[in-house]
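The first chain written gets the first letter, and so on, giving A, B, C, D, E, F and G; residue counts start at 1 in each chain.
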Amino acid sequence: MSVKPLGERVVIKMVEAEEKTKSGIVLPGTAKEKPQVAEVIAVGSGITSDEKKKDEIKVGDKVIFSKFAGTEVKVDGEELIIIKLADVLAVIE
Amino acid sequence: MSVKPLGERVVIKMVEAEEKTKSGIVLPGTAKEKPQVAEVIAVGSGITSDEKKKDEIKVGDKVIFSKFAGTEVKVDGEELIIIKLADVLAVIE
Amino acid sequence: MSVKPLGERVVIKMVEAEEKTKSGIVLPGTAKEKPQVAEVIAVGSGITSDEKKKDEIKVGDKVIFSKFAGTEVKVDGEELIIIKLADVLAVIE
Amino acid sequence: MSVKPLGERVVIKMVEAEEKTKSGIVLPGTAKEKPQVAEVIAVGSGITSDEKKKDEIKVGDKVIFSKFAGTEVKVDGEELIIIKLADVLAVIE
Amino acid sequence: MSVKPLGERVVIKMVEAEEKTKSGIVLPGTAKEKPQVAEVIAVGSGITSDEKKKDEIKVGDKVIFSKFAGTEVKVDGEELIIIKLADVLAVIE
Amino acid sequence: MSVKPLGERVVIKMVEAEEKTKSGIVLPGTAKEKPQVAEVIAVGSGITSDEKKKDEIKVGDKVIFSKFAGTEVKVDGEELIIIKLADVLAVIE
Amino acid sequence: MSVKPLGERVVIKMVEAEEKTKSGIVLPGTAKEKPQVAEVIAVGSGITSDEKKKDEIKVGDKVIFSKFAGTEVKVDGEELIIIKLADVLAVIE
C-alpha cells in the first residue's frame, strides 16, 4: 500500500535522530521540539509533470522543510508527512 | 438520488473505522477525534473536464483529506462530505 | 416582479422542511439551526454566458449551499437568498 | 451638478420606504436598520466601456445591494451612495 | 516647487468649507469630522500613460475620496493629500 | 562601499531637518515623530530595467515616502532606508 | 555535504560581528538583537534559471536581509539561513 500525493505535494518521512547526528544535521534552538529533516517517499504528479519542478526534488532526497507545514498520517505503521513543495526549503546533497 | 459536486469539488464518504484498521491506516495523535480517510463518491465537472486534474482522482479512490476542510451533509441516510480537490492531500493505492 | 442576479450569482429559495424529509436530505448536527438545501430561482448572466459554468447549474435545480454564504431578501412575500456560484457546493439529482 | 463615479462604481439613491412597500420588496430581520434597495443614478465608465458589464446595469435600474458596502455622500441635498458594481447583488425587474 | 505623484496616484487639496457649501456638497453624519471633497492638483504618470484611466481624472477636477485613504503632507505651506486613484470614488461635474 | 537594492527597491537617505525647512516641506501633525522626506541614493535593477518605472525615479530625486515602510540600515556611518518603489508616494520637483 | 535551496530561495550565512565592524556596516537601534548582514552560500535554481533574477544575486555576495524572514538550520556545525530572494533587501558592493 502506498500514498500518492495530489498536486504539487510530496510525501516525506522523518529521518531518525541517530542518522541525523551522523550526517551532521542539527537544528539549533528549537531542535529539541521537532526536527525538520526528512526523506522524500513520493512526489505528486503536479511536480513530476512540470518541466522545472521535476528537477528540484525526487524520491530518496533528504530535505529540510518548514516545521509548521504538512499533515501527519500513519500508513502501515509508518509515520508520514504530506507537504506542499512550496514548504520544502532545501535538498541536502 | 445522487449529489453532483460543483466546480473542482468531490463528494467523499468516511471509511468505516474497522476497514481502516484492516488496511493499516491510522491517524496518530488526533486519530480519536476525527479520522481523515474517505472514499470518493462523486467528482465535479471542474475536475473531470480538466486534462490534468481528471487523472488525479476518480470515484472509488481512497483519499486522505484535510480534517478542517469540507462541508458535511446527510443524503438518503448517508453522511457525506463535499470538499474541494485542493483539500484532498493524497490517494491511497 | 423578478430578481435578476448580477455576475456569477444565483437566486435560490429554501426548500420546505417537509419536502426535504421526503427527499431524504437532512443536515446532521446543525440541521436544527439552518437548513442548507434550496431551489434555484434565477441564474446570473455571468454564469449563463460562460461556456463551462452554464452547464453546472440551472433554474429548478435543487442545491446544497454553504450556510454562511449569501444575502437574504424578501420579494413579493417570498424569502430569497442571493448567493455566488462559488458558494453553491452541489446539485442534488 | 452631477456625480460621475470612477472605475467600476455606480451611484445609487435609496428608494423611499413607501415605494418599496408598494413594489413588495421588504428585507426580513434587519429591515428596520437599513434598507438595501436603491435606484441607479449614474454608472462609471469602467462599466459602460466593458462589453459584458454594461448590459448588467443601467441608470434607472432598481437594485439590491450589500448593506455594508458603499460610501454615503450628500450632493445638492440628495443623499447618494457610491458603490462598486461587485457589491450590487441583483437588479429587480 | 511641485509634488509629482508616482504610479497610479494623484495629489489633491481639500476644498474650503465655504466653497463646499456654495456648491451644495455636504457630507452627512461624519461631515463635522473630516470632509471628503478635494481638487486634483497633480496626476501620476501611471494614470496619464494609461489609455483608459487618463480620461477618468485630470488636474482641476473636484473629487470625492475615501476618507480613510491617502497620506497628508504640507508643501510650501499648502496641505496636500497623496492618494491612489483607486481610492478616488467620483468626480463632481 | 555601496548598497545595491534588489528588485523594485530604492535606497534613500533622510534629508536634514534644516534643508527641509528651507525647501518649505513640513509634515503636519506627526512631523515631530518621523520626517518622511528623503533623497534617492540608489535604484534597483527591477526599476531601471522597466521601461515605465525607470522614468519615475532616479538617483538624486527628493521623495516623499510612507513612514511605516522601509528597513533602516547604517552603512559606513550613514543611516539609509531600503524601501520598495510602491512605498514611495511622490517626487518633489 | 551541501544545502541546495529550492525555488527562489538562497542559503546565507551570518557574517561575523568583527567583520561587520571592519566593513563599516552596523544596524542602528535593533543592532544588538539580531544582525542582518550575511554572505550568500547557495542560490536556488528558481533564481539561476531566471534571466533577470540570476544577475541580482550570486554565491559570495554580502547581503542585507529582512530580520523576520528565513529559517535557521545547522549543517555540519555551520549555522545557515534559508531565505526567499524576495526577503533579501540589498547587496553590499
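By our rule, a residue touches a chain if its C-beta (ideal position, glycine included) is under 8 Å from a C-beta of that chain, and two chains touch if they have at least 3 such contacts.
Each chain and its UniProt protein: A, B, C, D, E, F, G = Co-chaperonin GroES.
Treat the numbers as computed from the prediction; the structure is a model and nothing was measured.
Touching chain B and chain D together: C.
Centre-to-centre separation of chain C and chain G, using mean CA positions: 53 Å. Mean C-alpha position of chain D lies 24 Å from that of chain E.
A separation of 42 Å divides the Cα centre of chain A from that of chain F. Residues of chain C in contact with two or more other chains: none. Read round the ring from chain F, going to chain G first, the chain order is F, G, A, B, C, D, E.
Chain C contributes residues 1-7, 9, 11, 45-46, 49, 71-77, 79, 82 to its touches with chain D in the complex.
Note for the complex: chain C touches chain B at residues 23-29, 31, 36, 52, 55-57, 64, 66, 85-86, 88-93.
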